[in-house]
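Which chain is which? They are A, B, C, D and E, in the order written, and residues in each are numbered from 1.
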Amino acid sequence: MRRVMNVAPGRGSRWLLALLPFVLIALAYNFASAQRHAANPDDKVLPTASAMVDAMQRATQPDRRSGERVFWSDTAISLKRLGLGLAISIVIGLVLGMLIGLLPVAGATLSPLMAVVSMIPPMAILPILFIAFGLDELSKVVLIVIGVAPCLVRDLALKIGQLPSEQLIKAQTLGASTWQVMLRVALPQAMPRLIESLRLMLGPAFLFLISAEAISADAGLGYRIFLVRRYLAMDTILPYVAWITLLAFVADLLLVQLSRRAFPWAHLERRA
Amino acid sequence: QAQPKKEFDIAWSIYVGWMPWPYAEQAGIVKKWADKYGIKIKITQINDYVESINQYTAGKFDGVTVTNMDALTIPAAGGVDTTALIVGDYSNGNDGIVLKQGKTLADIKGQKVNLVELSVSHYLLARALSTIGLGEKDIKTVNTSDADIVSAYQAKDTTSVVTWNPQLATIKAMPGAALVFDSSKIPGEIIDTLSVNTQTLQDNPALGKALVGIWYETLALLQDPGPKGVAARTAMAKLSGASLESFESQLKTTRMFYTPAETVAFVNDAKLQKTMDLVRTFSFDHGLLGADAATKDFVGIGFASGATLGNPKNVKLRFDPSYLALAAAGKL
Amino acid sequence: MSAIRVRKVWVEYGAQIVLEKLHLDIAAGDFVAIVGPSGCGKTTFLRLLLGQERPTRGALLLDGEAMPNEPDADRGIVFQRYSVFPHLTVLGNVLLGSELQGAPLLARLFGARRRERIAAARALLEEVGLGEHLHKYPSQLSGGMQQRLALAQALITRPKVLLLDEPFGALDPGIRAEIHVVLKRLWKETGVTIVMVTHDLREAFSLATRVVVFDRYRKRKEERTRYGATITQNIEVRKRDTGASLDAQNQLGRDDPATGERLGRDDLASAQQ
Amino acid sequence: MRRVMNVAPGRGSRWLLALLPFVLIALAYNFASAQRHAANPDDKVLPTASAMVDAMQRATQPDRRSGERVFWSDTAISLKRLGLGLAISIVIGLVLGMLIGLLPVAGATLSPLMAVVSMIPPMAILPILFIAFGLDELSKVVLIVIGVAPCLVRDLALKIGQLPSEQLIKAQTLGASTWQVMLRVALPQAMPRLIESLRLMLGPAFLFLISAEAISADAGLGYRIFLVRRYLAMDTILPYVAWITLLAFVADLLLVQLSRRAFPWAHLERRA
Amino acid sequence: MSAIRVRKVWVEYGAQIVLEKLHLDIAAGDFVAIVGPSGCGKTTFLRLLLGQERPTRGALLLDGEAMPNEPDADRGIVFQRYSVFPHLTVLGNVLLGSELQGAPLLARLFGARRRERIAAARALLEEVGLGEHLHKYPSQLSGGMQQRLALAQALITRPKVLLLDEPFGALDPGIRAEIHVVLKRLWKETGVTIVMVTHDLREAFSLATRVVVFDRYRKRKEERTRYGATITQNIEVRKRDTGASLDAQNQLGRDDPATGERLGRDDLASAQQ
């Protein structure tokens, strides 16, 4: 008998093993759902698979009046908000992260602020946020930004602060100004880390999006979940949740690919 | 400062009695009346009811759909002089207490009750308890968000809930659920209004006229048994995420004032003063009038007759049927 | 290309004296090697020359003017590690200096200027033996190749002074020998003034025109922080132009037993080719 | 003129600079608050400092009816939930992280599951959580666990997976079983990373705590915030938010200290 | 202490043949040095001995029995890097083996047994010159000290075979010499069978009783993957007990020009002290 730690599954069995927990969860769900439906045929908490398929078919059919396919328009609007929120977060993250990480004066001024700000639970100060940023599209985007940007700033500032000082001196001896050091030394080296942080923040970003849409919106994935939640329409909620999870998962994969393509140097094995 | 504004923002949240507002917007009724008075009215949906009132209180909106109690405890207690411009309906079974175990209200004694604390549900509970000689000390309240109360009811350890429609209907439909008390037992006490900033209204009577105009034109559709009415109700149901059937059953437990005359009569009725006294007593007892309120008289409430409850120098919530009267007289 | 004068320089960190009464003249085009025990302040001295550090007392002059108080394009540097930019290709690393100096805003060159600089960079990379690796990233190079790249990167912008802080400390002996050849040739061609810190005496003597030894006179523990290191030996090894070595060996062997010991380890005879 | 990047503030100015943004924010707040109070003396949205002090004094005085000091009992109960949630997350994180990181079979089986699970927005599947875990204390703790644990698992699995294979082989040549490798090689080296991840998760953990308490509770910091939001008592909400931020900030500092004390080897500068 | 037999062993990765028809006998108590060009399969061979890798064809025997198919306490190893545990002190690192073998569940010893093992660990650490650093962490040690610690750690559990994969590759020459002395003494004292991979021929010849050269016979590019490396030289340098060196030098110089080239760089004469 070999030690368990030395037993590596082959290629085929890797796939089987990876699928196993999902299959088990599906089975467990079906069993629980069947049980609840046996006790109460109208049970809404654990809808059957066919009920969920029905609900999704309704949601992807064009609406009689507006002609809108709710599911797709929800997805489109949510992704737009998410994209905008993340884009703004990235810009803030890069600008502040670079300033804090590179300029000692900016670091001394802003990094304690960022440490504190990143700990504030945004949901608790919503009234003030809404007062400051209004209640239309902007506010949803702002909630994502407030949730995501401080973490990006801290992470990038840390990364840039860890650049070997030799590199910064070296760049100066090649004639670089502070601006040029930012542009050609700090920024490019921060990018792969940015993507990594972004991957970690995908989950929270979706969470903030859904929260924002639950408070003030008239379309979007989070809005729809909120709307049907009061009727306990899990046959709609569960596919929406699965869809959100899938979107986040795919975004994660895309970011990995992007990083490998755009910053090949960051993915090379060290030799020297 | 009294310079007339041209553009106004009204916030609404999903509730059966308020669904005419988004429908009016969708159907062009809002634009029609706004154009008539040369103003612009924007109707904004806020999913989180409390947040919509908070934002109104903070000055982000000129008007908001709100219950009588919340109008008193949030904007009025917060110093924002507010006029209940349109009293649209009162809850006549739309709010209720549901027990998992037990058949009568008395069985609630000693139970844990899930509800949105300090809301009209809480008020309903307090009123219900008082009818059988119990007090809040006889039960234990657990604050539960309205959006999650249906699923909270599913939890094993939940025994009773107080909530409103459509959640109430969903819960009632579950096996074993017993509705032991509802708002039809205290008719006229849980009132749904469109309230607007008093100052804004004074400076811009056009706003009041337009809103009242929109309201009764839409209500006529809501009541209409013909195909136009069905179309309107279907649209409202959809806007609230419900089926037509569910929406219509919610309407049944809502006492809508379909005509201006009915509304005026309700607002002028002296019973309203009694109701508001109950409400403010409840609010004061639960600290809702704020830390500065030494007595329940701290915030004054003005009525149509000119009478006031509480401090007449600090009237912050007004029931003003004058615009309704214009509508009743067909002068819009 | 530039002359450096160090005039009675002291460096103190709080109560700790690191360098003490340092006095040194470096002629334009000299190749000075600095040796000395670990922690005696060799890197600190380079930091002075770089403008990163200011002397507590005394003065440093570059071509008769006060030393600028921050790094600039006049003084290039190669460190033992982290000397090239991991996110730039070999060619990108060498181009960087020209781009920084030629385009203040974008730090990028375009069109004919870019092509011209690429040609120059290629030529230099060819010279240091990296002509076939233009599009590799540093982490794909061996340590020796990285240091040759660092040399090319530092030299292409024609600094007046080149500072080297144990540039070859991490390399295998065989690879060192190769790179010494490159360095010597580049030094001769460009006429740059070189100051190199090294632990390897053989290297010092085989490359430099002048070897300077930093050490403390007082070495007892309790004297450690009270007295700093200074120049205990200043040996002219050869003239720049002739390249002929002077007889430095005896002088050294006699004066300083400590240094003599070190030399003993490497073969002293072979240290002077 | 030196380059900005070379200008480092001294010890004293560092403190001043760090305080600066906080002072500015306080001033801006006071200004806005004064303005709103000039327009409406009863304004509740931006309470004055003295109103907040009053509110806190009331909250720390024994309550008329229950005799409880609400502020402290809220804090105690929230910290208990948080502590429990984090403790369970840590256990899950360590156990699963170690299994996934160390045993190829467990990694193949569980790591795709974890990648998916960490993307599920927990708020959207609350009904199922309520059925499974009830509505009591447990459900609040579970929400924290669901929010925090998958990230910890992924992070620790990554860290343990990155242990040089030389170490694992070395341990085996010293006679270690799989269990012993976990106990003496993987676990201790995972601990500093665990603390680091935990620090990153403090913000989210408080967020989940507050959300859980907003959904259903009868005490706790989040409960109080969402309760008094019913009447826009910002004079209570803002100090509570500040207090939560402070707690998170202090917890962060304590974790740093703990790591330095308990795992000194992880904080040594590399020499070799 | 143990004899190893390698019987016509082949190692292939898919279509690539790495090792080919390897045949080797290692007597108990031998000290075998393996040299050869980079990528020729030296590490792969150690992995075979460790049980991490199985031969595609052929057999490996340890004291006449089939080689176990995973690492165990019979065969200790020291790598070039990552050989000690960064989270344990010097003493903790050396204690670890005893704890793992003495306490299956907790992997910790207590009371008298612990004290006894600590005494043994101290004694061994004293012997490798780390007696004064018991409570330091590896990252506070120099590279040479870390490798001496790794040796002590591997030897305290008395493995039958000790495998070393370029254990001193990253060390300065002076420090290497020191550690060679330690290794030689420990080998003599414990009688362990040692197989060491090294790039340094001088090291191989100065330490080992037998030097084995791995290389390919076919070196053209297109033959690279089709033909693996095998043992091209197998030189007995000295007998274990006498320590007297045999005349291996000529044999080597003549047969393999490639290896001869390598030797040329270090001073061959001095390689056999």
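We take it that contacts are C-beta pairs under 8 Å (C-beta built on N, C-alpha and C of every residue); 3 or more make two chains touch, one makes a residue touch a chain.
A quick note: this is a predicted structure, and the numbers were derived from the prediction, not measured.
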Chains touching both chain A and chain D, listed by label: B, C, E
Counting one step per pair of touching chains, how few steps separate chain B from chain E? 2
Most extensive contact between chains (C-beta pair count): A-D
Chain centre separation in whole Å, for chain D relative to chain C (CA means): 49
In whole angstrom, what separates the CA-based centres of chain C and chain E? 38
Could you grab the centroid distance between chain A and chain B? Build each centroid from C-alpha atoms only and quote it in angstrom. 37
Please output the residue numbers of chain E that touch at least 2 other chains, ranges allowed. 70
Chain D: positions in contact with at least two other chains: 3, 6, 45, 127, 131, 172, 177, 214, 229, 232
Residues within chain B bordering two or more other chains: 54, 58, 148, 150-151, 154
Over in the complex, which chain D residues touch chain E? Could you list them? 164, 166-167, 169-177, 179-180, 183-185, 188-189, 263-266, 268-272
Using the touch definition from the top, list the residues of chain A that touch chain B in their complex. 40, 42, 44-45, 65, 126-127, 130-131, 134-136, 213-218, 223, 226-232
Residues of chain D touching chain C in their complex? 2-3, 6
Within their complex, chain D touches chain A through residues 3-9, 13-14, 17-18, 20-22, 45-46, 102-105, 108-113, 115-116, 118-125, 127-128, 131, 151, 168, 172, 177-178, 181, 200, 202-204, 206-207, 210-211, 214, 222, 225, 229, 232, 234, 237-238, 240-241, 244-245, 248-249, 252
Contact set on chain E toward chain D in their complex: 50, 52, 70-73, 75-77, 79, 81-83, 85-88, 96-97, 99-101, 104-107, 137-143, 146, 153-154, 157, 159
